[in-house]
Amino acid sequence: MMESIGYDDMVRMLRSAAEAVRAQHEMLSKLDSAGGDGDHGTTMLRAMSNMEKVIAAASTPELKTLLHDVGWAILGVDGGATGPLLGAFFLAMAEAVGDRDALDARGVASLFAAGLKGVQEQTKARPGDKTMMDALLPAVEAMHAAAERGGDIQALLQRAAAAAAEGAAATAAMQARFGRARNLKEKSIGNQDPGATSVSLIFKGFKKGIDAHA
Amino acid sequence: MRMKKFINNPDDLVPELLEGFALAHQAKVALTGNNLVVRAAPKPSDKVALVTLGGSGHEPALSGFVGAGMLDISVPGEIFAAPGPPRVLEALRLANREAGVLFVVLNHAGDVMSARMAMDLARKEGLNVKQVLTHEDISGGPRDNPEERRGLVGCLPVIKVAGAAAEAGRTLDECLAIAERMERNMATLAVAVSGATHPGTGDVIAEIPEDVMVVGMGQHGEAGGGTQPLKSADETAEIMLTALLDDLNVKAGEEVLVMLNGVGATTLMELYIVLRRVRQLLDEKGIALARSLVGEYLTVQEMGGFQMCLARLDDELKALWDAPCNTPALTVS
Amino acid sequence: MRMKKFINNPDDLVPELLEGFALAHQAKVALTGNNLVVRAAPKPSDKVALVTLGGSGHEPALSGFVGAGMLDISVPGEIFAAPGPPRVLEALRLANREAGVLFVVLNHAGDVMSARMAMDLARKEGLNVKQVLTHEDISGGPRDNPEERRGLVGCLPVIKVAGAAAEAGRTLDECLAIAERMERNMATLAVAVSGATHPGTGDVIAEIPEDVMVVGMGQHGEAGGGTQPLKSADETAEIMLTALLDDLNVKAGEEVLVMLNGVGATTLMELYIVLRRVRQLLDEKGIALARSLVGEYLTVQEMGGFQMCLARLDDELKALWDAPCNTPALTVS
Amino acid sequence: MMESIGYDDMVRMLRSAAEAVRAQHEMLSKLDSAGGDGDHGTTMLRAMSNMEKVIAAASTPELKTLLHDVGWAILGVDGGATGPLLGAFFLAMAEAVGDRDALDARGVASLFAAGLKGVQEQTKARPGDKTMMDALLPAVEAMHAAAERGGDIQALLQRAAAAAAEGAAATAAMQARFGRARNLKEKSIGNQDPGATSVSLIFKGFKKGIDAHA
């Protein structure tokens, strides 16, 4: 049982998320081609490699600095919707982490909840609107529930990844109300949302990054 | 099949095109280190500055409007993708001045989000910035649902009149009011007949069947428009103009500006033929075609089609529209 | 399949497009009864007048260059077809003045024949007209065989410098000498990647296979160019620039103008990328890119491709190039 | 035997030429598509209807005025190469006819020879260059030969039409050295020249116009 994570764990999680996205970027672009402009995979690739650069360049092992730099680096990607949303996610986490250098399960859950709130400040999209929110919100909620039930961070990340994957899968049946795909109206139904899929890959990566080292 | 574009590594599209753009127009614009497009000769700092942001691949927009009488800074993003907030914030910092900064944002999800975030940060830093959002694409939904309406080539008249007001030494609030008045009084509709290729990915970004045209096509070939059989120039002009006049509720005796913006493969020849019909129709209705502008201003690569932008003019807007400007894409002397 | 152009009855293409053209640019140009394009504000009659002729379908050329600092009259023909001698003669009569008329003719069979006949008749009437012929397309044959070389977008620099000289009050012989010096010191090469549709007939006017580009394509898709595998922007720039520098025998230390003229579907984005490479290559050779011009000036409907025009500049030509002009297609202020 | 023609005959010849061209204008454009810009049929149609309008509007039955107005009307067509060449042909005939109101066979032959000279002032193209000259020159030469042998204008026009048709047919084997088709170089071989074909149609029309009334 893993009761706490620190800077190095966070680095592993982030790096593993980057790998998970990189492995699937072509699929992400394909999903975006159906209703958007087909660039989501490319944008995510850029976001992830910006993130990796920042991690590699980090000089002080502080969670706050790490998360802030990651958020800012992702914002620096000219990526349409993705950059600001994902960037806001990490920036809000940086804000929330303060000067803590380790987090227990509740700490992790509330950190991610703060990230979610950061995203919600940027968009009015709600679950059911067929956006990344459909993966992010259930993932964060699953974390919260898992932290209530016990202190194992591996289990918490496992639940979050499962919830994100489920949420992403469910977007296939939804009609898009945000992003470029909303122009498709009913025709958007049937395709899984690329942004939700990315989020689920990121959570899958977080989990793997911790598992591999546990 | 390779796409038939003269490009190199797709990852280098934007820096390479900006390098050439700045070179071709070095008398008017310059590039900063992080690819902001600024004026070659800065505007006096006691006048309001205009800043905008937007994806690349729509040349000459938006950087083509940087120069005397229009923009001060443009923040070009990747191909069809808004620039991230950090560079936008830098542009706002660079433009910041006591007189203030008017920030023109086209209503596209990425642009709006990036702009909002940059604005939040700018306000925290105490920068003096106000934003105007353009959303005049009537295909997005009814007039009372502006969030659904995209920003198309109407950004140009907004930038033109607000830029002229800034040049004339008007205050930030005055410039904003002028920009918003122009914005409220315009309506745009796009028609497309053939698709384009995304220069970064090689994907076809709007496949349009034979003998068909799409009225209400978005700036990047986003679907959602009304597909209908291909019409003649005169019929198309009438369909589009009627919808725009309706939307703006233009009455006999009023004066309008009509812009026809070719998006790529459609020729000036065609646009002139359409303009001729627009005038005939306006004449019949007793509406004066006070000003017109025909050309390629906001393109979608080699897509075939055009945007028709109708704007109601009052005397002040007309005078600002006529004021001199000297930018790569528009010169009034 | 219907062609995807916004037109009406193909027989009315030219009058309709001219009506729209004159409307869009009414501050700068006007149409006479028989569709000659003249300046809205005529040039003082003590200055040399410039006249040209040419087929339509190449908008904005050639009528787009009518206005202060460039042409006085353009005689537009049918789509891709030179106007007949009677209207050309009328234009020469209308332009005639003591100071004289400079008649700019692009080397295409129909234009040349129509011009020659009109010139013969004009001389019989005692009009004071001298002709300059542009033929700078190096794909036509070697430099010492000028008759085989077509006139492409090089007409623009010739009209620009001669127009500026006329505006400055130079004599007809001086204007002619300047035009001929510009002409001798320029070279153009065209590349095409995709065909176009003749708007009058609906015929495809240059079918180009996949993955292939044609270097040396004529202004109307005439065959004869060298077909080769599609190249990158940088490689294409180098192939074309090298051929042009060779032809003009430009040496290190000299100054040149480079014009990149998009012919239709090729984007400004691509032209900027090419210009950037042109500059790099010139830098390597110690040749100064003194001036550049990038845009769509002489188009071939929706054809994909561009023309690269290289011109050697001396101080006088440079000053004339920089002189102000105010026409529908080119404004220097 | 027809020994002389006057104004009305000339009108019949011209009208019949217009009909002959009109019937084949699509074929003419097709021939032009192979090496040129595909507009030759359209241009010839315009030239012929301009001619017909002038004929219909003629107020004084003078050969000189008729031929001059026809030439000028054809010049008024924005037809690339065709207008000036064909226009020059009729203008030169107008010049040559002076104030005669009737022509014998020799007169007809020398009138057409003057027309040919008018064309030659406009172009350096010679027989073998694959242009309208390949039909026009043999036709005029055949007229001359026919006029030497006898005074029948019907026979003269018959010979001219045959020579023009033969000349036009022979262009198929030639390589273009003038006009747009010259850019094709060797590839121009195989197609009959559109301009030469037009000329042969015009001469066929001249003959028919006279025959129908003889």
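Per-chain residue numbering starts at 1, and chain names A, B, C and D are given in the order in which the chains are listed.
In this text, a contact is a pair of C-beta atoms (placed from the backbone, for glycine too) under 8 Å apart; a residue touches a chain by one contact, two chains touch by 3 or more.
None of the values given here were measured: they were computed from a predicted structure.
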Inset, instruction - Quickly list, by label, the chains bordering both chain A and chain D. - result: none
Legend entry - CA centroid of chain A to CA centroid of chain C, Å: 55
Legend entry - Rounded Å distance, chain C centre to chain D centre (Cα mean): 33
Legend entry - Two or more partner chains touched - positions in chain B: none
Inset, instruction - Would you identify the shape of the chain contact graph, picking one of line, ring, star, complete or other? - result: line
Legend entry - Listing of all chain pairs that touch each other, if any do: A-B, B-C, C-D
Legend entry - chain A to chain B touching residues, read off their complex: 29, 33, 35-39, 42-43, 72, 74-85, 87-88, 122-123, 178-180, 183-185, 187
Legend entry - Complex interface listing, chain B residues touching chain A: 14, 55, 77-87, 108-110, 113-114, 116-117, 198, 200-201, 203, 205, 218, 220-224
Legend entry - Residue ranges of chain B in contact with chain C within the complex: 1-2, 4-8, 13, 16-21, 23-24, 56-57, 59-60, 193-194, 199, 210-211, 213, 230, 232-234, 236-237, 264-276, 279, 289, 292-294, 296, 299, 301-302, 304, 306, 324, 326, 331-333
